[in-house]
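Structures are listed in the sections that come next.
Both complexes shown next keep subunit A, but they swap its partner, so subunit B is in the first and subunit C is in the second.
Moving on, here comes the complex of A and B:
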């Protein structure tokens, strides 16, 4: 047990260690250019911070009225709206970008609409585009978390509020705000981190010196200038900022999960006032359009029949092969690692500082720029690019999906604790224990974890941007290239294929692994 | 006969010491405040804890170095006696063979055991579809098929009402006599063991402070009165 637990810990640690030693060797041989333009550096840090802060403020600020409206209004389309909300959370970033371009772009739906009244709309690129995309992803996320929080207010409080005749403002002040305030630091911190390290969105809508974040600058210094010292310097700045936000967050930990969305059992009286009704309806319509239009645009891509000819192209064949290779191998490797990690976690469960370190190791990838990690690995591994490239993409992918898979699998593994004494007393040990007891208990969560891991890998667009070539590419990279070439109809078809592939990976894994044996 | 020979153990600052024996066909009640060492005693005998010194015997065989499942005993826990994802038949079968590969006579013994606890026909049901009392009876059926000479009970009546308690007690009493079981029964409520108990001990700070040992054949009718002289022993 101990050995099997230490093995994945050793593997993960050595990946980081190898990457770091690779980076340091480059820095030693290549005098760090301290004359590195200060203006450049400060500009990038400033823009990274500004866009992240603005995205966070907008997402969180808008999520409060949206969550309130969702909580106090009952309407027929509500389950559908919540479902769409959940859909936007799992949409691959590059796919969502395509949807947003179709709606907000220079030739998008909104500019067509505005053209009718002779207004020329050209707002998507630069800071505005980045904010639109970040809010597209994070407004539903924040709304869902807040809604879950509001659902925990007990029915007795609502009865009391009605009894005392509190108005909407007073209810917000005395019931809702005290609860939302406890969630606020976590939610804001999470969204800040996601936006601060955001890559694809900034790459597409920003770019150039003016609208570049640290993550994109790291990518550009490696890809176009192969300036490793600069990339490392930028990476350390990013890690330092993320780590400090991360530490602030863990200090004020109040755990929330995105599951168990329960229905409100009491109807809130304040939702019935005409003023609230009008306000909530307005908010919810805007919110729904905000999310549903890009999703409709993506789905609409499927109906562009001539564009389906793209599936015959050489590029598509290579891309789908690459995507399958990356996602299947990443999910396979990650599921082995995550299972042994979870059992190791259960094994050392009594020691909270050890489990804390394990958490940190698994979550490190969330603040560690993947490009820097990949580059460090590349410096050491070198070799034939056609082999090294995919290997590094798989390694980074495995690390990237581990925290998500672990979150799903760990509770199930820890649940098996309750049978420890009984199993030992009956002599159900080793393989019998795993096949008769544990596997039966964890298989559903395991299947879900594998499905999520595969779906995430299929939609991933990060280090592949660095290692992709004519011969080695994945569907998201292919989509990005088609968009860059303004072949939007074909890009639309690829987006639909990515979504279908993610969905089927998700369902097939549940069918094969997770189905009930009984 | 189960025999604990100056079994010593320590946990943090608390020292534990147990020295007693228990014959087959006899039931010993173990009482005491929480933290007095009741669970520690069971865990030492069951093999979940290892004594610092001393020895545990069953007859002439020393058992304290055996793995928990190799010891001549079976345990009825307060809860989580059954695996929720396995049906009644499988739950009992695991007590015979952890691989669940059973021969015909072993399969028959499962049905016999279920008959004995009045749960014939429930083979394919999952524990969640049974009542709390039925679940405990399934666990007792598993104790039956294991046919080990020592039965350890750890507050087996947690969450059961009076009527169910007496049903199960009748069953246990019957088994005690038929199988000549040595039963060690941890409980905080003397009423739980009334009518079945032959001997009783009271623990305080890890030591046996009272040991009531009636002659064989003479059943201890009211351990409650015998143990209640200590005011702290009142059921909570």
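Moving on, here comes the complex of A and C:
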């Protein structure tokens, strides 16, 4: 038991170790030349910070009125709106980018509208585009978390507020704000980290040199100039900044947890006032359009029938093969690792510093630049890129999906503790115990975890940008290339295919693994 | 270490099954507009395979500079036999990798506007960098970098990143060759006219054709494509009196190739008349070993730069990163 627990920990640790040793060997063999352009470096760090802070402020700031409106208004389309919200969270970044370009681009829907009143819209590229895309992803995320938080305010508090005749402002001040404040640091920190390490969005909307983040600069240093020392330096700066934000967060974090939140709906009197009705309706309409227009643009791509001829192209065949290879193998490997990790976690569960370390190891990938990791691995593994490339993409992908899969599977595995004493007393142990008791309990979560892992891998667009070629590509890379060549109709079809594949990975895994049989 | 050998064994088994073909396979690394369906690649493949009893396999990356990066990453293990598309400006850097081996050709009748002596790389086409505009929209195109700057309210340019794209690098060197120490200042003044800096040529040209920009950095020969393929006369290259920077594209053989003879045959094929014609009308550049009389009429209607500018490759290798930083600082403000 102990051995099987240590194995995945050893594997993950050695991946990082191998990558680091590869990078260091390259730094030694090239004479260490860090004659960096400080001016440019500072500019990149500054811009990374500024865009992340602005994205966080906008997302969190807008999420508060949205969550309030969602909480205090009841309307028929509410479940649908919440579903769309959830959809925007799982949309692959590169697909969402295409949707945003179709709506906000220079030849997009909004600029067509503005052209009617003779205004030339040209705002997507640069900081504005980056913020639009970041808010598209993070506003629904923050709104949902805040909404869940608001739901925890007990009904008695609302009754009291009613008796006291509190107005909307007072309710916010005395009931909602104290609660939101406990969530705020975590939500803001999470969004800051997501935006700070954002890659695809900045790559597409950044316009080359003017707006570059550390993550993009790392990618460019490796891909364009093969400047490993600089990439490593940039990576360490990024990790240092992320880690300090991370530490600040865990220090200040409250005991607020997203689990065990009920979706109780309370009827709030303050939502009935005409003023708040108008305000909420306005907010919700804007919010809905913000989310739904890009999704509609993506879905609309399916109806461009002539563009479907792209599925006959050589590039598409290679891309879909690559995507299936990457996602199936990543999900398979990751599900083995995540299962043993969860059991290891259960095993060492009493020791909180050990579980803390385990968490850290699994989540390290969230702040560790994947390009640096992949390059380090490649320097050691070497070999023919057309074979080593896919192997490395799978390794990095496995690491990248682990935290998400673990979050889903861990509660179920910990739940099996309940049966520990019973199984021992019945003499059901080891594999017998796993297949007869645990598997029945964790099966559904396991299926969900595998589905999420596969869906995430299908939509992944990170190290593939470094290792892809015409021979080895995936659907997201193919989509990015088509966008680069301004073949938007065909790109639209690929976006739809990516979404369909992710969805079916999700459902099929639940059908096959998670079905209630036996 | 054991892990590494196990991994190599794994790769070895994989590659054995992949290479079980009888035909020799020649792996050619190039940039994607060369090998794509609208580039010269497919035609060259057909022509060469009909005479070589082999399979020509293009491995394409976004740009020749990405090819160079890939080579540095793969180093001695690269599966490439031949690299097509590194230009004169990147040759010295390419040689520093130590991955190339001299060719075995005797080259006699080149048609380059300058002499060529290089034992490693053979030139297969050349062109001059120029800004392309739509004559239907722009009636009096700028004739110098100064007039580009003066017109910046009306003119929006798309250019390429010199770190990732050979045309982008070419423009940087063009300006350097003209302005030397004042190049940074010129970039700073030019910066407001730059709509965006794309990673590669295709993105920039696509943006221009979509009508998002007024001018794009490309080649004096680009209008020939529009004349011949699309029968459009409105795309033109702006002639700069100061002169145009030349780009000579080359091919070279990888040191570790197992198909050295085949690689040499391919290089010599690239200089044959049929290949030179396919390259001129597929890559839209001037052939390096074929007189211009053999080309379609449209090529005769192109502007013909009076002054050819270039910087010595040794000079480039020495100062490239310094000049790049100068460029980045000037345009990223």
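Brief remarks follow.
As a working rule, the second predicted complex is superposed on the first by the 504 of 518 C-alpha atoms of A that agree within 3 Å, B and C clash if a C-alpha of one lies under 4 Å from a C-alpha of the other, contacts with A are read in each partner's own complex, and residues count from 1 in each chain.
Simple rule for what comes next: contacts are C-beta pairs under 8 Å (C-beta built on N, C-alpha and C of every residue); 3 or more make two chains touch, one makes a residue touch a chain.
Just so you know, these numbers come straight off a predicted model, no measurement behind them.
More residues of subunit A are in touch with C than with the other of subunit B and subunit C. In the superposed model, A:424 makes contact with subunit B only, not with subunit C.
By the touch criterion defined above, A:380 reaches subunit C but does not reach subunit B.
Shared-chain residue A:222: touches subunit C; no touch with subunit B. Taken together, the two structures place no residue of subunit A in contact with subunit B in one case and with subunit C in the other. Put simply, subunit B touches subunit A in their complex at residues 46-48, 67-70, 74-75, 77, 80-81, 83, 85-87, 94-95, 98-100, 146.
The residues of subunit A lying in touch with subunit C in their complex are 37, 39-40, 43, 106-107, 125, 207-210, 212, 220, 222-226, 375, 378-388, 469-471, 484-486. Looking at the complex, you find that subunit C touches subunit A at residues 4, 7-8, 11, 14-15, 32, 35, 58-61, 65-66, 68-70, 72-79, 161, 163-164, 196-200, 202-203, 206-207, 209-210, 212, 325, 328-329, 331-332.
Subunit A contributes residues 418-419, 421-422, 424-429, 432-433, 436-437, 440-441, 518 to its touches with subunit B in the complex.
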